[in-house]
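A short worksheet on the structure shown next.
Going by the order they are written in, the chains are A, B, C, D, E, F and G; count residues from 1 in each one.
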Amino acid sequence: MESVMVILVGVLVAVATYLILSRNMIRVILGTALLSHAVHLLILTMGSLKKGNVPLLSDSDGPYTDALPQALILTAIVISFAVTAFVLVLAFRTYGTNKTDDLQELRGNADE
Amino acid sequence: MSNLLIAPMILPIMTAVILVFLRGNVRVQRLMTLVTLIVVLIISLFLLMEVEAYGIMRLDFSGWLPPYGILFVGDAFALLLVTVATVVTIACSIYAFSTIGEAHENMFFYSFVLMLVAGVNGSFLTGDIFNLFVCFEVMLLASYVLVALGGGKRQLRESLKYVLINVVASWMFLVALAYLYGAIGTLNMAHIATRVAEVGQDPVLTTISLVFLIVFSLKAGLLLFFWLPGSYSVPPTSVAALFAALLTKVGMYAIIRTFTLMFPHNQEVTHAIIAIMAVLTLIAGMAGAMGGRDVKTIATYNVLIGVGFIMLGLAIANEQAFMGVVYYLMHDMVAKAMLFLCVGMMIYLTGETVVKNMSGLIRNYPVFGWLYFVALCALVGIPPLSGFVGKILIGQGAITSGDYVLLAVGFISSIAVLYSLLRIFLASFFGETIIVLEDEVPIRKGMMGSLIMLTACMIFLGLGANYMMPFVEAAAAVLVDPSIYIDAVLRGNE
Amino acid sequence: MIIKLAVLLPFFAAALIPLVHKFIKREQIGWFVLAVPIILFALISSYIPHTANGKTFIHTLEWIPSLSINFTTYLDGLSMIFGLLITGVGSLVILYSNFYLSAKESLHHFYCYLLLFMGAMLGVVFSDNLLVLYTFWELTSVSSFLLIAFWHHRKASRAGARKAMVITVSGGVAMLVGFLMLYAMTNTFSIRELVAQVDVIQQHELFIPALLCVLLGAFTKSAQFPFHIWLPDAMEAPTPVSAYLHSATMVKAGIYLVARMTPIFGGAETWFWLVTSVGLLTLIWGSFNAVRQNDLKALLAYSTVSQLGLIMSLFGIGSLALAFDFSEELTPVFALAGFTALFHLMNHSTFKGALFMMVGIVDHEVGTRDLRRLGGLLPFMPLTFSIALIGAFAMAGLPPFNGFLSKEMFFTAVTSLQHFDVFSLESAVVWMPIVAWLASVFTFVYSMIIIFKTFFGKYHPERLDKEPHEAPFGMLVSPFILCALVVLIFFFPNVLAHYVLQPALASVYPTLPLDAITPHISPWHGFNLELFMTLGVIVLGIVLYKTKRYWSYVYTFLQPRHSFNALYEWIVTTTENTSQRVTNKYMNGYLVHYFTYIYIIFLAVIGGYFVMSGAFNFDPSTDSKVETYELMLVCIVACAAVSLLFAKSRLSSVLITGLIGYSVGFFFIIFRAPDLALTQLVVESVTTALFLVSFKYLPNIKPEPSAASTKWRNAIISVAVGSLVTIIGLTIVNYDKFEPISKYFENSYELAGGKNIVNAILGDFRAFDTMLEVVVLFIAGLGVYTLIKLRGRKEAADIENK
Amino acid sequence: MMEKVLLLALVLFIVAIALSLYRLVIGPSQPDRAIALDTVGVNLLSAIAIVSVLLSTKAFLDAILILGILSFIGTISFSKYIERGVLIERKRND
Amino acid sequence: MSVNEMIEWIAVGMILLASIVAVLSAIGMIRLPDVYTRSHAATKSATLSVLMCLLGAFIHFWLTDGYISIRLLLGIIFVFMTAPVAGHLVCRAAYRSRVPLAEESEEDELKSVLFKDER
Amino acid sequence: MKINDVILRTVVKAVVFIVLTLGIYLFFAGHNAPGGGFIGGLVLASAVVLMYLAYDIETVQKTMPFDFKKIAAIGVLLATGTAIGSVLFDVPFLSHTDAYYNLPLLGKTHLTTVTIFEAGVALTVVGVVVTIILSISEEGEEQ
Amino acid sequence: MVQFILNLVIALLWVLLKDEDYFKVSTFIAGYLVGIVILYIMHRFYGTRFYLRRVWCIISLIWMFIAELLSSSVSVMRQVVTPNLNIKPGIFTYETSLRGDWEITALALLLTLTPGSVVMEVSEEGNVFYIHAMDMEETKDQVLRSIARFERAILEVTR
């Protein structure tokens, strides 16, 4: 399963990268969102999968699956949510003032 | 006692939150910001003395012993940077008091500044690699807001680029963390170091360290500086100065820790790559600074030169070079803040950014002009100002290690700095004055005060170098011999 | 101790000037300032008897002792000579400028810079510590910069100042490297200790690099070929400054350095060749170019260049005295060159100072320095003429002036090369004397030009701005004192030699027996080669002067665009323009490009290393079991992700991303992470909702307008990045050298009182992360609020953001 | 045996999700996508229930309820978005 | 086969049935001609499948662990209450955003009311 | 014809209680079961958002007249405050104290500062999520 | 509502009367049952129906919901598996006599769960439903037939 997941992560990363390399700001933001999903899965996979029970002492006896990556991912999810929210707002404010969502047209130049 | 270690991070955060309730009361906001920062400064100075006297200090949060809990580790290196960062923030805040405007102040401006400095201080102090990520994010989120705050067309546009690149970088950081945890199974930096040392840094671990290198390089502006020029040129002066002083430093700090503490065992590969990246950064910085036609561009590319130079010191990697790195980091924080404040002030006074459209400022604003000149000399590394000591130490390190190419590039860069900054001085400060007396925009006391404060710091860091040396030596000792750090962290709980 | 005060006094005085400026009249500042060099001169002179007896004085004030950087002053013969020059000429120049500069100028600035310079210069010559020397060295560059740019409203002043600063500071940086290398060899910055360890240094592999670096510093400072180009431009400074800095003192710092370093580097072949040939080249190039100048000051500038070359070459030849073991016969002959260098150093300061002041007077009283406009001034300015006469004759090497003595000795030195065959000198034996002699001819010619083109010939009142008349008495005092010295030295050279030159010689040749190498100077030394050379100089000089218009077309071969100046300008502008072009080319504001660079570097560094290191390892046998439904889910997610690339509306894109997010949540369930699953599901929904809310303010997405090639490039990069992440991941999955630390947390109930391990980690073991994560969330919330509420300022008020 | 049956059921649910995904991608109209997403959510919910049974853990039962809530909120959001382009109005103006 | 086991098989059977219903309703989502008819499939069959599945799970936990899951019950209630609302909202949104009815459709009494000013 | 949201609103009125209860339950459950401050907060926020979706900002503001920014700030202060509180007792920063108390009605209860910490987390989450969604939603109205 | 609270009070009294060492759920339930008996005897004094009867009505209404859901799902699935779809969808109106948010909502939900129909709009006044039928011929009659039943069941609960 680990290998399968790593490959899935690779696919997600590739798609995310392609999106990040596009000109449309929404696509780029979606790319970063997708990248964060991929990364969270990667962290979980790196903590080795399905090799134990749910890490709840009340629910089952050990061995438990590695709980630390789960805690890390939780923090990461929250942070990525915060960041995504901010980026979205920034993006539409930028669109609102610059009247374009094409990052190519947002290059700006020296004589402004 | 060791609880004080948290103060540089928690006090700004708490004040920042409290300021939310004081919206509208600008005076109280300013006062609280200033008081908090001064308290943090006093505490960090105190901690510095303690650490110098009794060795590395650590604070295990909730009392969980490393490597299981998170901890702050106060060594001289971290605390020096915390101290200087706080000083710079004080200066930039004072500058902001008289320039930023009520609209910003009522939009939680000081809260964000405090959060930024909290994130920076936390990044310096933390001993846990995942916590470093979180501290980074505190800093970055605050910087995202600050860079975009109240922006028009151009500011928002550049902010978006800055934010997007940094977001991608942050997620790359997580990739690196995932790999690290997968391979090493721990997050405490000292513990990582012992585990890496245990197996010798094999190619897999070196690969991981390189992922970290790329991630931190994005933050440090080491070769991956593409976000930097745009985003430093748009925010208000005090923010730009704060960015120039702090943001890249945190990235560099992380790189330094990574390759002195956690992954120091494969230097033929890692340090060679760092050296190449540093040289390329220097070249890019020199090109940008020499080719720049407006003050902001010139100042911005000077930031890159600073980055490249410091990273040269890391690539050289011997005791003298590390001392130089520590010293130059401190200098660069102060001097870059100064440079950006000066540049911002020039724009404020003239409404111009292009060098040749300004002239004769020194007649109208003599004190300001001379302060800029002092900053120029400091940045070039002219003794006895702050840039000199670090430069010499890195130079000595390079000679000791026989890295003559790095030495040459590094020292040539200071000529580029001279050339680019001198151009501003000659074209904008010297020359026929074009501002008639009636049109003179007055410089407010706060603005001048912050410049004088930073200048005093630069002079102190140069002339008073001897007072700094014990700390710098202590800091470099840890970089040279990570076991000091590791022992301090993992002592007594194996 | 006293010497330390001597060094610091000018700085204190300089710091006082802004205060003094408030309390006394502008015109009086100069008199206040004048006290400083006079006091110092007196002070330093009082040490002459001691130094003449070979005593030295040393005192240390700690600066950065841990880096062995200390403010150590060292007074010996060599520093004495320079100390006297700096304070002596300094006094005269300040006296002179009190009359020369109009009270309308910002005198407080002027004197402040001048005092800074004086202090810095004293610091250079009295410092024993190399880094302190370097400190003062750069300070002289800085103060010189300020003085050159004194009339900074003039473009030429600024350009000259910049050129001087860039070249001299660059040289200083090189010199610093040299010093650092010396430190690396010996672990000391003290010159005295270096001299003591000269054997160590000369054995060291860094010896030659250090030598080159130090010489680079000396050559740039002393305006040696081809770095001389800054000096003529520096003449934009007020004339007293030119007299002081650019002829008597600062440019001699390089000479000082060479003299100081002779005990360390002298005797090395490279040192000899470089110093001598660069010196001679500078000598001839300077004198040759001086002849063509139309501006009197420019002429003097080139003349200074040339004279500095002369002194430099003398030190080069003098270094031969250290090249082999002491011999009664040979050593004194070479040491004579060193002696002559010191002697000419003094002489040059006297006559060149006088000449500069003379030019200043002419400029001041007539309003021009242009030789094409000057002429026939003798009747109006007889006293000035006498200054010019004495100065120029001394420079030309005519008796009864001091220049004659040193120039004769110079000829002796260059011709003495023929006697010896160290360093395979055969070729040098021939060309060096010839170059020296030719240069003297040109020197003679331009000396004559100074006198005759200015004071004789036809008087053209219409070409002058002012009615010419003799200078005020005050302005004449200083040059006359110098002229008096020029004459006095000719008649009593050995007094000078005994009290000043000999002790200095001891510093240059610390290992040689002083009495044996100190020559006796006499104006008449019989009919020897030197005398004939001098006669030749005079004859050919007169011929050349008279026939100048016939041969001066040779200068047209040297078009301005072929000069070193042009080269410098070309380098500077090309660097600037190329830099700007290249920077603008890649820093073009396209985010896509930036991302492309980032990814390419990412691939190059990490992929490059990972592939080359051969660390890849893939072993699925240790994997946990894959269920059919899991595989299907994986496929669904992969397909959804790929379909995202082709989604045409923003809504579908967001929905597909949301779906992937939900699937990730489901994976969390499969992989036994209930807390994660809960969080992921909620967060994904909220995020999707945010997208939808924001879509009101965003346009629908359009198809990417990029060219197919761009798309392919992006696709290749993406696939590469994905693959790299995968292969590293696969390798690490199978990397099991360490147990994760997480076993510890399984005791969460005993340790933290919670049965949910993840929550115990979040709330207790790693509560700090959680706390900060809350802070991050808070900043984001507040940030979104401000971003929306705080509108951009009006463009007019937006000057800061231009 | 029981486990096999449950796995089969799980596979069937995933098939249902995949089919809905087809609708999600193809559309053609926006409401189609909203319905599809709702279906995906609901089926996912069932799948979680089965996984819970398979792993015989109660840890995920909250997730079921939450997913139910979210899928409801999601559908409301989408339909409001499709209908009005706005999710939250300041003051109902119709 | 004990009673318990039998009931458990019933639970499993319900789950299996639920999955079949889910697939069928998903096929309906594909096959049916317009968004309105597809919403029938979603709001009815899909909901039924969920309810059955949850009920199966509920029975399973009750039997094996003696655990009465309030959360599952709440979940069932929740889905039951909200599914028709969702169907209603989506259909309304579709109609108001002018998604056309299938070609086979007969009469449309809403059109005249909603879009009366047109045509 | 104007939109009549009666069905939606009525159902939401009923359903929102389930959501709120679940949120509070999850908040307290975190100690031994999945849940905790963050998820609890998110679910509570979802309840609020659900209200906003079914009604409109002004109506909801009337029933819940909070400044959600300040709620978030109070949350952060609670979280950091409990952390700093430990400093006063001279134990490492962030140390949690817990004890069992015999409370009337509830009996023996496990009380810990972690709960306050988590309450801070939950409040922040609610405050921030609602602030963000409201800010964005109000943006258009002012333009 | 009053009856329910009264019932709770009785149960609580029961618990207090029992005066046990600590609170027992079983005692409470016993008290509650006692309360039900008392209230059933007394409910006519209050002039309202016995509250548990309403509970029974709710249960039967819910059962109606479930039954509708089952039958409608079957009908949808039947159509899905039918090889040749031969349906004629359409929209028709229905005017109800029910009033009040809860009644209208309940009816709308029920109608939506009925085989082949989805309520698309409710008029502003809330009395007219616009219903989409999967197959006009089959559904319309069916709906109109069952709708009276639904209204009755709802009124049982609410009034």
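Methods note: contacts are C-beta pairs under 8 Å (C-beta built on N, C-alpha and C of every residue); 3 or more make two chains touch, one makes a residue touch a chain.
Everything quoted here is computed from the prediction, not taken from an experiment.
S.K.: Report back the single chain whose CA centre is most distant from the CA centre of chain C.
M.R.: Checked the centroid distances; the maximum from chain C is G.
S.K.: In whole angstrom, what separates the CA-based centres of chain A and chain G?
M.R.: The mean C-alpha positions of chain A and chain G differ by 44 Å.
S.K.: Taking the mean of the C-alpha atoms as each chain's centre, how many Å separate chain C from chain F?
M.R.: From the centre of chain C to the centre of chain F is 63 Å.
S.K.: Taking the mean of the CA coordinates per chain, how far is chain B from chain C in Å?
M.R.: For chain B versus chain C, the centre distance works out to 26 Å.
S.K.: Hey, how far is the Cα centre of chain A from the one of chain E, in Å?
M.R.: The answer is 31 Å.
S.K.: Two or more other chains in contact with one residue: find those residues in chain B.
M.R.: 13, 17, 20, 61-62, 130, 134, 137, 141, 144-145, 148, 151-154, 156, 160-161, 164, 168, 175, 178-179, 181-182, 187, 230, 293 - these are the residues of chain B that touch more than one other chain.
S.K.: Would you please write down the residue numbers of chain G that are in contact with two or more other chains?
M.R.: If we look for residues of chain G contacting two or more partner chains, we find 108-109, 119, 121, 123.
S.K.: Listing for chain A: what residues touch at least two other chains?
M.R.: Counting only residues that touch two or more other chains, chain A contributes 20, 25, 28, 40, 42, 45-47, 53-54, 56-59, 68, 72, 74-75, 78-79, 82-83, 85-86, 89-91, 93, 96-97, 103, 106, 108, 110, 112.
S.K.: Just spell out which pairs of chains touch, all of them.
M.R.: All touching pairs, sorted by chain label, are A-B, A-C, A-D, A-F, B-C, B-F, C-D, C-F, D-E, D-F, E-F, E-G, F-G.
S.K.: Going by the contact rule at the top, pick out the chain A residues touching chain B in the complex.
M.R.: For chain A paired with chain B, touching residues are 20, 25, 28-29, 32, 35-36, 39-40, 42-43, 45-47, 68-69, 72, 75-76, 79-80, 82-83, 86-87, 90-91, 93-94, 97-98, 103, 106, 108, 110, 112.
S.K.: Considering only the defined contacts, which chain A positions touch chain C in the complex?
M.R.: Against chain C, the touching part of chain A is residues 1-15, 17-28, 30, 33-34, 37-38, 40-42, 44-58, 62, 64-68, 70-75, 77-79, 81-86, 88-93, 95-97, 101-104, 106-110, 112.
S.K.: Inside the complex, what are the residues of chain C that reach chain F?
M.R.: 674-675, 677-679, 682-683, 685-686, 689-690, 693-694, 696-697, 752-756, 759, 762-764, 767-768, 770-771, 774-775, 777-778, 780-782, 784-785, 788-789
S.K.: Could you please specify the touching residues of chain F with respect to chain D in the complex?
M.R.: By the definition above, chain F touches chain D via 2-3, 8, 15, 18-19, 22, 26, 29, 33-35, 43, 46, 49-50, 52-59, 133-134, 137-138, 140-141.
S.K.: Can you check the complex and tell me which residues of chain E touch chain D?
M.R.: 8-9, 12, 15-16, 18-20, 22-23, 25-27, 29-30, 35, 38-39, 42, 46-47, 49-50, 53-54, 56-57, 60-61, 64-65, 67, 69, 71-72, 74-75, 78-79, 82-83, 85-86, 89-94, 96-97, 99
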